[in-house]
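In what follows, structures are represented as structure tokens.
After this come two complexes, each holding chain A, first together with chain B and then together with chain C.
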Partner chain A sequence: MKSTSGLRADVQALSAIFWKGLKHHLRYPGEFAIYLSLPFLFTFLILGMGNAVGGSNAASFFAARTGTTNIVIYEILGSAVWMVSWVVIEDVGTAIRDEQIKGTLEQNFLAPVRRFTLLVGLSLTDVVITSVIFLIVVGVAVAVVLPSSFLTIIPAFLMLLIGLIPLFGIGFLFAGFVVRFKEPYIFTQIVNLIFATLTGTYYPVAFLPYWVQLISDALPQTYVIADMRRIMLANQTLVNLYGSLFVLLSLALAYPIIGYAVFRRVERKAGVTGEFSKY
Partner chain B sequence: MNSPNTSYTARLFREFKASFVKDLRSYFRYPAWVVGEFISTPLWFFFFALGVTLFAPVASTANVRGLGTGITYFFFGFLFIVLFSTSVWGVGQSVRNEQESGTLEQFFLAPANRATLILGRWARIFLTDSIIIAYTTFLLYLLGGTAISVLDPTLFLLALGLYEISLIGFGLFMAGLTIRIKSYNSVGNMIFFGFMILTGALFPVTSLPTPVRYFSMLIPFTYLNDIMRHAALGTQMILPETLEYPVAVVAAVAMMIFGFVAFNRIEQDARVKGSIATS
Partner chain C sequence: MNPVEVNQLSKTFETREGKLFRKVPKSVVAVEGINFNVPEGEIFGLLGPNGAGKTTTIKMLCTLITPTSGDAFINGFSIAKDQQKVRENLGVMLTGERTLYWKLTGDENLEYFAALYHLDSTYAKGRILDLLKLVSLDDRQDTLVENYSTGMRIRLSFAKALLNDAKVLLFDEPTASLDPQSSHLIRDMIRDLKRQGHAIILTTHNMEEADLLSDRVAIIDHGKIEALASPSDLKQKVKSSDIIEIEARNLDERTVGAMQSLGEVSKVAVTSSPHPGETELLRVHVEKGKEVLPRILEFLVRKQVTITRVSFIEPTLEDVFIAETGRSLRD
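After this line comes the complex of A and B, so read on.
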């Protein structure tokens, strides 16, 4: 018989939530194909538009502003991290609302599982999904365009794994807002676009106005994208990047705590006001 | 109520008006979506536009290779995207929305022309799209001081009219497709992004590889994008002017007729097979 308390119970619950999430993703392979194709598509669009605007000197204009002529890797890294962030926000952020719409939220909350375990379980599925997306997208791009630096994908991937922790924290925060305000899909779209604009997905953050850069500095993807570019395009190592690694680790501590605290607060309030059963 | 004396045109106009008002009411019933659309659409523009400016000549705001500045060139690409999305996500999805709301049978049983009802939705989207485009243009001026101007407004408006005629035709075809294909989102995404590349919305079709360019030349939107951009920025046209104008007119009308015929055929087929209400 399965235990209902203690570490073993938590692991069992995590495993169940993880597999459930994975099955859900496997049931919709079309969505996964879109997550894989969008980074290439957006990179291709930017390249096409850039070449139209810059002509034969487009690469040198690009290099003058970014310090690299390897446009594909520069843009694909931004695209891949954006797609990862997109999946996390969409999955973790809207998962509670989805359960609410399907009418299964009450069963989930009545199960002898801690809320934190529930949210972490959802995140674990996304660790696997986003890792696969990142490794396929960046792996293919690096293998074709920059094969000599293929192994730099390992430290870049480590950077992503660290960056995922604060991102999940933002997902928890978002889950709370969605329970409170409903309308998850429009929130998701806006948040994903704001993240794409502020984190330097296709351009250096230094391009943004100074006050906007202050907001960018509070977002983990900013550090992940910039550091990945340094690792793959400027031969930097994780040791060289200790400063931003430290900031990223601090965000990895802060966001999950803040996110979970906000989620719990909204959840408690929703329990009192009956917000959970409202559509 | 319609009397037997009511002229056919007056009846069609009344149906169109009713459909337009209904769609406008549905649109404003979800204010979060309205606000979201007004935030996210300009964000898409600024996000991509900033990426493209990396490729523009350094310290230059002058006309780049006859294409306008990076921002103005991209602005018209953004305009085409907003307009084209009307076909795929607006008109095309109207039938799917009714299907999901469980009102498709009422919609099809109403003593009204189906195409007129769909045109009502197109009119609502055209109105809101125009407001969003005007608002983004104003924002662009406020934030970057870039004033968008059109060299030949008459030609631009004529091409826009033809563009809308094509959009209605293509939208009707897409609406028919939603009756046939249930996984509309994935197909819609593929068609949307494919057209963005193939029709030269974001970069000239001359940048495409030669075999792909042949496909581009078969799509009416390619000529309409080209004429509108030529009218706005004075860019070089893909065909000689005397040839491209008649080609564009014929292609736009052909697209309209094709859309009506395809929609009616698919609808009749679905009635026979009983697949109208299957979701």
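After this line comes the complex of A and C, so read on.
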């Protein structure tokens, strides 16, 4: 038998996991309609609520609190990042459980592929999907509302790519919790709603109580959303944002390590309890 | 060293049972100190009823479940210490048709798993085509698995187990839920693999299959190996008894239990229901069957059991199981 080893074997396995995931997503195309429409729908919802509360002064109140009058771009950036976060947490967090329910998880674990490669492979599919969601949603909004700043999508997108790394770490963490406690969607949906509340998706984090802001500071989406707004609405560059970039890179190092460690611990425990065969 | 060596392998599951807030810890012994070896070119059957510990044994051997104690070696690699190496040296087919991705085609499924087994991509293409031909799916390789029949899915799972051409193969109930034609095909392929020198472990609760395929059979019940020998040697053990098969109606557990107390009857068990809800098959092990038969029939008639057929039969592995455990494989 001709086999590969080392880095080549890992890359080949990663590629297979990536394509398998992508084919699955493309063969269930309905979900893309939700991913693409929800950021716009939530933005309209916020605009409607803002008008209802603030009346004709809504835009000036908003500008006084956020520093921009461009409510649409402000909200669409929050919505798009939230959607990206939603997809990552739901996909990575529940992927293992989904495979368990389908009956394919054990088949993956029977193979000599490393667990880390499996988790990263699952995440790679989401990098493509979330990138497409972000670029379409934000691209359409900026083209219509702020065409002069269209090119700022590039640094904003780079910001997103960096933010995805700690987000995947959080996804690994939830993958472990979901294997242990089952009921994946309750877990991920609650977490996603909490993230929307804490990370400044629709309003500045500064409005939150101080102790809540401490939690917000530990979440990568907080930095991604805030920095994207600075880039697209306040003409900041990535160089100007080195402080929060440094924090984001630190989180990008910490979360995957913590997430993978928790996942491995749960996985070893599942081997003892026979959890992987339980539905 | 044999390709498979199992030493005092045990598994106890710690669970919590009871109502919410009143759960109490409970230990369930699934496998208890089993030992066996499988040399090259042998089919080793693990025969036992559902819940006997067959699948737990297989899952320990393929590293999905961690043993509580003991160890096993696959091509010399410990399932406790060298899990990655064990996986490289094993081909496994677990029971059920949901072990594949239904939204992928047959070819895509095998390509995916070939990559997880680190097969060289060029080699994998040829290997996949060969395997699809072997299981007669080469003309359906581009069809989504969701459009396959159960038999086709099981055959594809079988092909998946052969992808890495492992010396040691584990098949967990490979023909469960298959039609006779597909079962026949799978059994022929297992025999071919044996001829090629693979060491094969086969779990089944189908005694005919164990008898037909296995060079040696371990009869497993409540996690323990009750008997281990070739099918003919095992059957020889019960040759000293006569075995009467009785097809009857209105047979209840109390009557079967009461039959045990007849002095002449050594073992009795209900084995199957040819017409569920109507008739059942009773296996009775006795000394000097022809002398005892009238008394057994008289006893059953007195208990208002309707007898539809009586025959003396040659012992099967089911009779070995009954003799060893006092129960049928169905229980």
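Points to keep in mind about this one:
The criterion applied here is as follows: the second predicted complex is superposed on the first by the 276 of 279 C-alpha atoms of A that agree within 3 Å, B and C clash if a C-alpha of one lies under 4 Å from a C-alpha of the other, contacts with A are read in each partner's own complex, and residues count from 1 in each chain.
To be clear about the criterion, a residue touches a chain if its C-beta (ideal position, glycine included) is under 8 Å from a C-beta of that chain, and two chains touch if they have at least 3 such contacts.
Quick caveat, the model's predicted, so the values are computed rather than measured.
When both complexes are superposed on chain A, chain B and chain C fit side by side without a clash.
In the superposition on chain A, A:Ala9 makes contact with chain C only, not with chain B. Applying the stated contact rule after C-alpha superposition, one finds that A:Glu31 touches chain B and leaves chain C untouched.
By the touch criterion defined above, A:Gln107 lies against chain C but remains apart from chain B after alignment on the C-alpha atoms of chain A.
Looking at the shared chain after the overlay, A:Thr66 reaches chain B, while chain C stays out of its contact range. Residue contacts after overlaying the shared chain place A:Pro147 against neither chain B nor chain C. Least inter-chain distance for chain B and chain C in the combined superposition, rounded to the nearest angstrom, is 10, based on C-alpha atoms. When the two complexes are superposed on chain A, none of the residues of chain A touches both chain B and chain C.
Residues of chain A touching chain B in their complex: 30-31, 33-34, 41, 44-46, 48-55, 57-58, 61-62, 64-66, 75, 181-183, 186-187, 189-190, 193-194, 196-197, 201-203, 207-208.
In the complex of the two chains, the chain C residues touching chain A come out as 13-14, 56, 59, 62-66, 84-85, 87-88, 90, 92, 94, 96, 98-104, 108, 111-123, 127, 160, 164-165. Partner chain C is touched in their complex by these residues of chain A: 1-5, 9, 12-13, 15-17, 19-20, 23-24, 27-28, 102-104, 106-114, 268, 271-274, 276-277. Interface of chain B with chain A (complex): residues 30, 32-33, 35-36, 39-40, 43-44, 46-48, 50-58, 64-65, 67, 70, 73-74, 77, 183, 185-186, 189, 193, 196-197, 202-204, 207.
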